[in-house]
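Input: structures, listed below.
You will see subunit A twice below: alongside subunit B first, and alongside subunit C after that.
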Partner chain A sequence: MAVEQPPAGEQTRIHNIGYRSYDGPRLGRAYARRSLYSQSLRGAWGLGRSAKSKVLPMLLLVVMCVPAAIMVAVTVATKAKDLPVDYTRYAIIMQAVISLYIASQAPQAVSRDLRFKTVPLYFSRPIETADYVRAKYAALSSALFILTAAPLLVLYIGALLAKLDFADQTKGFAEGLVSVALLSLLFAGIGLVIAAVTPRRGFGIAAVIAVLVISYGAVSTLQAIADAQGTTGAIPWIGLFSPITLIDGVQSAFLGATSAAPGGIAPGTAAGIVHVLVVVGLVAAAYGLLLRRYRKVGL
Partner chain B sequence: MCRAAAPAGMRHRHRTRVGPCAVIRRRTSPRTSARQERSRTARARASPRVPVILETDTETALRSDDRRGPRHYRRRVTVIATESLSKRYPRVTALDRLSVDIGPGVTGLVGANGAGKSTLIKILLGLSPATEGRAEVLGHDVATEGAAVRERVGYMPEHDCLPPDVSATEFVVHMARMSGLPPAAARERTADTLRHVGLYEERYRPIGGYSTGMKQRVKLAQALVHDPQLVFLDEPTNGLDPVGRDEMLGLIRRVHRDFGISVLVTSHLLGELERTCDHVVVIDGGRLLRSSSTTDFTRTTTTLAIEVTDSDEHPDGTRAVREALRARGVPTEDGTGLPGAGHVLLLTAEGEETYDLVRDVIADLGLGLVRMEQRRHRISEVFRDGDQTHGEHGGELDGQHKEAVGHGG
Partner chain C sequence: MYDPTVARLTYRALLGRRRALILGALPLLLIVIAVAVRALSGADDQTAVNVLGGFALATMVPIIGVIAGTGAIGPEIDDGSVVYLLSKPLKRPVIVFTKLIVAIAVTMVFSAVPTLVAGLILNGNGQRIAVAYTVAALVASIAYAALFLLLGTVSRHAVVFGLVYALVWEALFGSLVSGARTLSVQQWSLAVAHRVAGGDLVTSDVGLPTATVLLVLVTVLATWYAGRKLRGLTLAGEE
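And then the complex of A and B:
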């Protein structure tokens, strides 16, 4: 720090620092978008927020990982030849936890800004609607990916410790990661669209849970009926109508997973392609709806 | 220095500008170009070990900065320019061919609720397209260069906009980063700005527990944190008690005088803005009613109020001063009906020399000067005189200022 030279012999001077203007760099839109992304991602895990808001996400992460750790312990202890559960299957089994997480954190990510009317402050800065939506979407997807990929990582490390076949495990792990990445995008999109409609956090949570649970309940019931009646060809197509069965369809068609649907019927290639298209369409629709929503919110 | 013209090489450090007497520079980047090196040799450098006490007395800041002109616009004349700007919604016309040029300084935008103030700000921020006409802010067209405008302006909304569960510091740091400030600079500027708006220890507590006055300060801080060249303050005194109102108005004045940031402040109370603004734009029903400089109609006859002490020699100091002034040919009036009547002298200041005269007279008498302040006309009176058809604007404000000023004559 350089100051004007004080007169000789006078070693202490009082400076009035008044107002200091800022002539440093202004990093613009992309940087602002990244800042919003990292703030939202941290927020989704309760970091930078009150201690209370850290409890639920951290608890859910532990709940996600503990079964994986137990499976690893069992595999190592019993010297089994394979993990008790496939990488791709894990998220399907734990879908309740994932749904809870998305239901609690999607409203946190967007309803808060709407409720406390912070949105106009964002849009009075260089970022545009699209930057806000992208940052929020990316942040929630990343948070969800962390939640779903962490137990897979536990399984993978455990499998390597148990000296299971390296190539086989790595392939399974990679397939699992692709599957949970898709799942994260899809769930984050659905959660955000629902949460962005209402400034009330409670409504948001209830609505997200309702959509995920009711759609899964209805679809799995119909699939069970179809299975009982022997119309197994319809099972993959029914799966199109709930997010988790959709992901299940995609991964059993293309990612080497065994279908969790009743009867274990995997969609064929055609049905699989439709599943993928529907996932992509839903993600795009969620993005489009969010853009439209925030165009309106504006100031 | 106009920032837009700053050479790129000078951008990787802050320049801390202080009053006219002291310059403290801090380098944030180890890279220093030869140009900067040369420019710095012009200044003597002190040993970094010299203890530096940073004084933050705002009074001193006010004094030392009084003579400094606005920082950014010494050459630029117009900050906001609109040209037959209209905004029509299916049922209402929010703005109707509004053409106005606003220069640097504090400008008041006055109008009743629904007069189009907030709509104008939205358009000026580039967030809402105008139906017709065009607008420029800081030389950027708002329709095509909205992002450039928003990088250089700050905005304080009328409504609540603060999340209750984070601290003021965290919130303002985040907003600084959203304006493009790097993390370290964002933290530093946040601490500075919160201090300037008068938030100290409480800035680490969650905003939910703040009073309305403190929340308004946080809102102001987030608008100033990125050191904009212009801020839009939408009804900043809303919901404040009279003391809070005065503090906020003083703060707004400082934003321009000390920080060199031009201000566009809206209010539906005309009287509130007259002490604060250099210029007042009155709109009604989306139309421009009047745009004039406050000094235009209040400076010509400034009323001075003086209060002096008594001494043994002059047991009634007020009378002694009155007589001495009359001897010099300056008539005075006692401020009947004003607070402190009997001890306050009112006289008309013709110019600088009147101040000098008063000072000399009081010094010659050996009295102490308790206060000497300007009492300007209220704008409301001026509007009532000059604009009979819109007398209701003046009338609305009369109740607030019962202090009828009888200026010397």
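And then the complex of A and C:
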């Protein structure tokens, strides 16, 4: 039995059901970039995410600050003339904690976007590759700066409470802040470049930590051997090959820190300038590599 | 107890190109350092101990253990494809045991072999240092692989916890609190190395009987519990 065909033509009609285009204010590219920055920064501390993902960053922050609080307590109790640890040395001592933080949060910031293929969605907003990279880079650097500057702030407030010399402490605190700002930029760059290559979070963590720890392990082993051999001139130059000794070289050359390298050998002015150039070069290279990485992702 | 198909799949997952890259880079770096040190300073027993103990056993072996141990099962649980493996007519302990064997083999190949080569380059096995550290790396490989495989089944953040153990517990607390050294795979394996080397160059804080008992205990318990854990595995969604 044939299906009865409805007569065409008569009943087709276009209804106007009242769709309207948006004519409110458009917040634009800068707003989108700012939002991405603040969301990434909050994400790096687990805010706005599940309770489980808050545990690790907060725990690391506590671990970072507790030794500073203990040092302050000791200084106040014993009425010492100076803090037991320099502001610039603190981050070097706690480098394992800093490495763990950057290793756990850098993949969190970029790998999940890659894995769930949400990167194209970002670029469907009015932001461009450079905005995404800048927002993520700035967010992770800021998060790292919070982690490294918080214990310095604890030390500084404690030093003032213990009535240590104000001018001396302020100078040390300022030098410490400059050094951890450099450290944050460098570590965030290294972490992001490695994490942006892999969509797998676990692998990203292992890769970041391997680069940071292995390079430090190799460099400090070589430095110890150079120290034992008496070829102390080589020690600052060996330090160029791992991020933390690089920062140590910069701050002991220009920021009045005593070097953490074996024998306490600080780089001279020429070696110090090379250290600064390498830091700047690495940060620029990280930014450039990230731009290249995201130029055609997921499209 | 050993299933060749599971083993083949695990090898493929572990030695995929990027993992193989990082697994291969570490031993290569060790050998480059060994060559550089030998060229700069000549053969010296204390230097060899510093490099092998400070870099190879303390840093390289745990990191390779973390990558191989958690990598053997972690990613599969993470992306949910482990259900296809678990739905096959295989006992869960068989799966765990097979993956453990593969993880141990990979850790051994990428940590013990380069340790031996580096030791031979550094001082040509003087005072049996190279062999002692190779044995230590072999022993540590077994315990690390079992421990981190267990972590892989227990937690989605296995890599982080594994690294916290390897870096914070063994390196940081181990150097500050001497009691922490008793509970450290590194010290247990050093106890074995001490026995092999014989001299006083390689030392450990733990006696050989204690170390052996603890090593066997940790390996067996970790493997057993990982098998148990896999029997009642719940696949968590993305956080």
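In this text, the second predicted complex is superposed on the first by the 275 of 299 C-alpha atoms of A that agree within 3 Å, B and C clash if a C-alpha of one lies under 4 Å from a C-alpha of the other, contacts with A are read in each partner's own complex, and residues count from 1 in each chain.
Keep in mind that, in the parts below, a contact is a pair of C-beta atoms (placed from the backbone, for glycine too) under 8 Å apart; a residue touches a chain by one contact, two chains touch by 3 or more.
Just so it is clear, the model here is predicted, and its values are computed rather than measured.
*Asks:* Of the two partners subunit B and subunit C, which one touches more residues belonging to subunit A?
*Replies:* Tallying touched residues of subunit A, the top partner is B.
*Asks:* Go through the superposed model and pick first if A:G217 touches only subunit B, second if only subunit C, both, or neither.
*Replies:* After superposition on chain A, A:G217 lies in contact with subunit C alone.
*Asks:* Check whether A:S21 is in contact with subunit B, with subunit C, with both or with neither, and answer first, second, both or neither.
*Replies:* First partner only.
*Asks:* So, A:R49: does it touch subunit B (first), subunit C (second), both, or neither?
*Replies:* both
*Asks:* Between subunit B and subunit C, whom does A:S104 touch in the aligned arrangement: first, second, both, or neither?
*Replies:* Second partner only.
*Asks:* Answer with first, second, both or neither: which of subunit B and subunit C does A:Q229 touch in the superposed model?
*Replies:* Once the two structures are laid over each other on A, A:Q229 reaches subunit C alone.
*Asks:* Quick check on the superposed pair: does A:P126 touch subunit B, subunit C, both, or neither? Answer first, second, both or neither.
*Replies:* first
*Asks:* Does subunit B (first) or subunit C (second) touch A:I205, or do both, or does neither?
*Replies:* It touches subunit C, and subunit B stays clear.
*Asks:* For A:T118, using the defined touch cut-off, is the partner it touches subunit B, subunit C, both, or neither? Pick first, second, both or neither.
*Replies:* The answer is first: A:T118 touches subunit B but not subunit C.
*Asks:* Going by the contact definition given at the top, which residues of subunit A touch subunit B in one complex and subunit C in the other?
*Replies:* Comparing the two interfaces on subunit A, one with subunit B and one with subunit C, the shared residues are 49-50, 53, 116.
*Asks:* Enumerate the contact residues on subunit B facing subunit A in the complex.
*Replies:* 3, 6, 10-19, 21-26, 28, 40, 43-46, 48, 50-57, 60-61, 64-65, 71, 118, 122, 125, 127-128, 147, 150-151, 153-155, 157, 159-166, 170, 174-175, 177-182, 185, 189, 192, 196, 206, 222, 226-227, 258-260
*Asks:* Where on subunit C is subunit A touching in the complex?
*Replies:* Per the stated touch rule, the residues are 18-19, 22, 25-26, 29, 33, 36-37, 40-41, 46-47, 50-51, 54-55, 58-60, 63, 66-67, 70-71, 74-75, 78, 157-160, 163-164, 167-168, 171-172, 238-239.
*Asks:* Within their complex, state which residues of subunit A touch subunit C.
*Replies:* Listed in rising order, the residues are 49-50, 52-53, 56, 96-97, 99-100, 103-104, 116, 197-198, 200-203, 205-207, 209-210, 213-214, 217-218, 220-222, 224-226, 228-229, 231.
*Asks:* In the complex of these two chains, what residues of subunit A are touching subunit B?
*Replies:* Within the complex, subunit A contacts subunit B at residues 1-6, 11-29, 31-32, 35-36, 39, 48-50, 53, 112-113, 116-118, 120-128, 298-299.
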